[in-house]
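Below is one structure, written out as C-alpha cells; comments come after it.
Chains here go by letter, A, B and C, matching the order in which they are written, and residues are numbered from 1 within each.
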Amino acid sequence: MTPGSTAAACLAVLRRDLLLAWRRRGDAALPLLYAIIVTALFPFAIGPEAALLSRIAAGVVLVTVLLAMLISLDSLFRADLEDGSLEQLLLAPQSLTLLAAMKILAHWLTTALPLLLLSPLLAAMLGLPQGAYGVLFLALAVSTPLISLFGAVLTSLTVDTRRSGMLLALMLLPLMVPVVIFAAGAVAAAAQGLPWAAPLAFLGAMLALAVVLAPLACGAALRIALDA
Amino acid sequence: MNTLTLWFHKLGSPPSFYRFAHVLRPWLLTLALIAGVVALYGGLVLAPPDYQQGDAYRIIFIHVPSAWMSLFIYAVMAVAAFVALVWRMKLAEIVAMECAPIGAAFTFITLATGSLWGKPMWGTWWTWDARLTSELVLLFLYLGVLGLFHAFEDPRRGARAAAFLVLIGIINLPIVHYSVEWWNTLHQGTTVRILGPSKIASSMLWPLLLMTLATKLYFGASLLGRASTALLSLERGKGWVQDLARGDTA
Amino acid sequence: MNDYAANPILLEARALTFTRQDERVFGPLDFAVHRGEAVLVEGDNGSGKTTLLRVLASLLQASAGELRLYDAPLTRAAAAGEILLLGHHLGLKADLTPLENLRYVAGLFGQRRGADASQALASVGLAGFEHEPVRRLSAGQRKRAALARLLIVPAALWLLDEPYANLDREGIALVNRLLERHVHTGGSALVTSHGTVDFLAGSPRRIELRAA
C-alpha cells in the first residue's frame, strides 16, 4: 500500500484511533460501568417487582446505551482539535468524508461494540423475557451505528464550543426519538411474541442512508464549525 | 436580469433591508393586531359553542394557528438556512437565526394551549398525543438551534453551524413525526384526536383562518424587527450604521 | 544564498485580506514566493501571522483578495500534496510515540522515496526516543518530533508557524539546516517568528505584519 493513497490514509486513521483507545483502555470501561449503574437505578426507583421491570427492560436498556454513547461522543473530535491533529486531518489530500467515516467506525468499535456485548447483562438485570434477547442484540446492532453516525455529525458542529456535552445532548436526543421508538418497540414486541421485523427494517433503511450521508455531513460540519 | 431578481439583490444589501424593514414593520404589526382582535372576537364571542365540547373548544383559535406557525416558521428558517450556507449571505444567516426564537415561542404556545385544553377534556395536563409529542420534539429542535447559535463567539460562524443543524432537523422531522405516530398507535390503540370532527362549521372556520393570517402577519413584523436589530448589531462598525446612529438620513 | 528571483513563482497573494467579526486581522497583502525561496513573516503577537499561514494553507477562507498556486487559483484540492503546515499545535498525539505519529502522518500525506521514519527521528536528534510516548518528552523534544515530518512528507511549500519556539541553539540550527536543504532542492517556505531570527546565512526576504 503506497503511503498517501486513499486506502493508506483510511487505514492510518483507523489504526491510529484504535491504537489511542488501546493506550487508554482503562477509559473504555467507564461507559460500561455507567450503563450498569444507570440500569441498576431503575429497580431502586420503581421497585423490584419482576413483572414491571421486565416490561420496561427493553426501553431502559436502549435509553441507557444511548446515554452512555452520548457521553463518549463529545470527545470524538475534541482531543484532535486541542493538539492540532484535526487541523492536519482537514489538510489531508484525501476526502474528508472517508477519513471521518474511519473515525466514526473506530468510535463505534471502541464504544458501542462493548456496550452491545454488555447488553445481555443489562437486559438480564431487568428480567427481559428470553425470547427477546436475540432481537435486543439485533436492535442495538442497528441502532448504535445510527447513534454514532448522527452523533458524529452533531459533535462536529460543537467541536469548538464550550458546554458542548450538554449542547450535544440537546441536539442529538430529539433526533434519536425515532431510533428509540423503533428499536425499543421491536424488542418489546418480541418480548410479547408479536412480529418485530418491521420497525427494525425501517431502522435498517435509515442506517443504510446514514452510512452514506453522515460521513459526508460530518466533513461538511467540521469545515463549517471551524470556518474552513 | 428582470426586476424581481434586481429587487431581491437590492434587498440583500444591509442598508436597503433595514430601510425596507423599518417601513414595512408598523404596517404588518397594525394589520396583525386588527386581524387578531377581529379573529378573537369572532372565535370567542360570535362562534357558537361546540356540540360536544361546549365552550372549551375555543382554545383552538389560538392552538391551531400556533401549531401551523410552528411548522411554517421552521420551513422559512430552513430556506433561509439553505441560502445562508450555499451563498454565505449575511442577511440569510440573520433571518434564519431570528426565526428560531419566534418559532420556539409559537411551539411553546401550542404546547401550553394543548395542555390547557387537555385538562377539561381528558382531565390531565399532558397527553402523549402523537401531534403534541411531535410538537415537543420540534420545540427541542428549535432550542437546539438557539443553543448552538449562542455557543459561538463569532455570530456568523454560529449562524452557519446552526443553519446546518436546521437542515439536519428538517430532513429528520418527517421521520420523527412518522415514528411518533407509529408509537402512538402502538401504545394507545386508538388515536386521540385533539381537533374534533374534520368538518368544521363556517362560523368557526373564518375566525380560525383570520387568526392564521394574523399570526403570519405578526411573524413577519416580529422577524423584520428582530432581523433589523441583529443587522445593526452585526454591522455596527460600518458607515451606514454610524450615520444612522448620528441621526443622518441614509 | 540562493538566487531564486529567476525561478518560477510558486505562491502569489494579491490584496489578501482577512477580517474576523468586522475587525481586520491582516491585509491587504501583496507578495509572491518563488521556488527555492524562504520568506520570514514578522510581526508582534496578535498581528495575524498564524492566521495568514492558515489562510495560505486553505484552512481559512480569505475575506478578500486572491491567492494563486502555480499560477492557478488556490483551492483545497490544489493545495493538497503541495503544502505542508506545521502549526502552533504540533499535531502530535500525546499517547503515541514519535514513530507511531510519523507513520500516521506518512499514511495521510505520503512518504518521500527513500525516507525512513527512524532515520528521520535520528536526524532531528531523537535517536533512542522513538518509542517513548510523546507525553513524556520535553517541549523541545516534542518540537523535534514534529519537525521530523518535514523529512518524511513530500511538499513543495512549507508553512512553518513559530518553528524556533521551544528549541535550544542546536534545535534552531536544525531548523535552519532543514530550511537550507529544502530551498536548495527547489522547495519554498514561509516561516513566522516574533523574534529576530536569521536563517539562510543572511537576510531572507521579510514580510511584516503590523498588529491591527
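Assume a contact is a pair of C-beta atoms (placed from the backbone, for glycine too) under 8 Å apart; a residue touches a chain by one contact, two chains touch by 3 or more.
Just so it is clear, the structure is predicted and the values come from calculations on it, not from any experiment.
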Legend entry - Most central chain, judged by mean C-alpha position against the global CA mean: A
Legend entry - Contact-richer chain pair [B-C vs A-C]: A-C
Legend entry - chain A and chain B: spacing of chain centres that average the CA atoms, whole Å: 33
Inset, instruction - Report the inter-chain centroid distance for chain B and chain C in whole angstrom, where each centroid is the mean of the CA atoms. - result: 49
Legend entry - Inter-chain centre distance, chain A versus chain C - centres from mean C-alpha coordinates, in Å: 37
Inset, instruction - Among the residues of chain A, pick out those that touch two or more other chains and give their numbers. - result: 227
Legend entry - Touching two or more other chains - residues of chain B: 154
Legend entry - Footprint of chain B on chain A - complex, ascending: 153-154, 157-158, 160-164, 167, 170-171, 173-175, 177-178, 181-182, 185, 199, 206, 217, 220-221, 224-225, 227
Inset, instruction - Name, in rising order, each residue of chain C that touches chain A in their complex. - result: 57-61, 79-81, 83, 85, 87-96, 100, 103-111, 133
Inset, instruction - Using the touch rule from the top, collect the residues of chain B that touch chain A in their complex. - result: 85, 137, 140-141, 143-144, 147-148, 151-152, 154, 157, 160-161, 164-165, 168-169, 172, 175-176, 178-180, 182-183, 186
Legend entry - For the chain C and chain B complex, residues of the former touching the latter: 20-23
Inset, instruction - Mind listing the chain A positions that touch chain C in their complex? - result: 2-4, 8-9, 11-13, 15-16, 19-20, 23-24, 79, 82-85, 87-94, 226-228
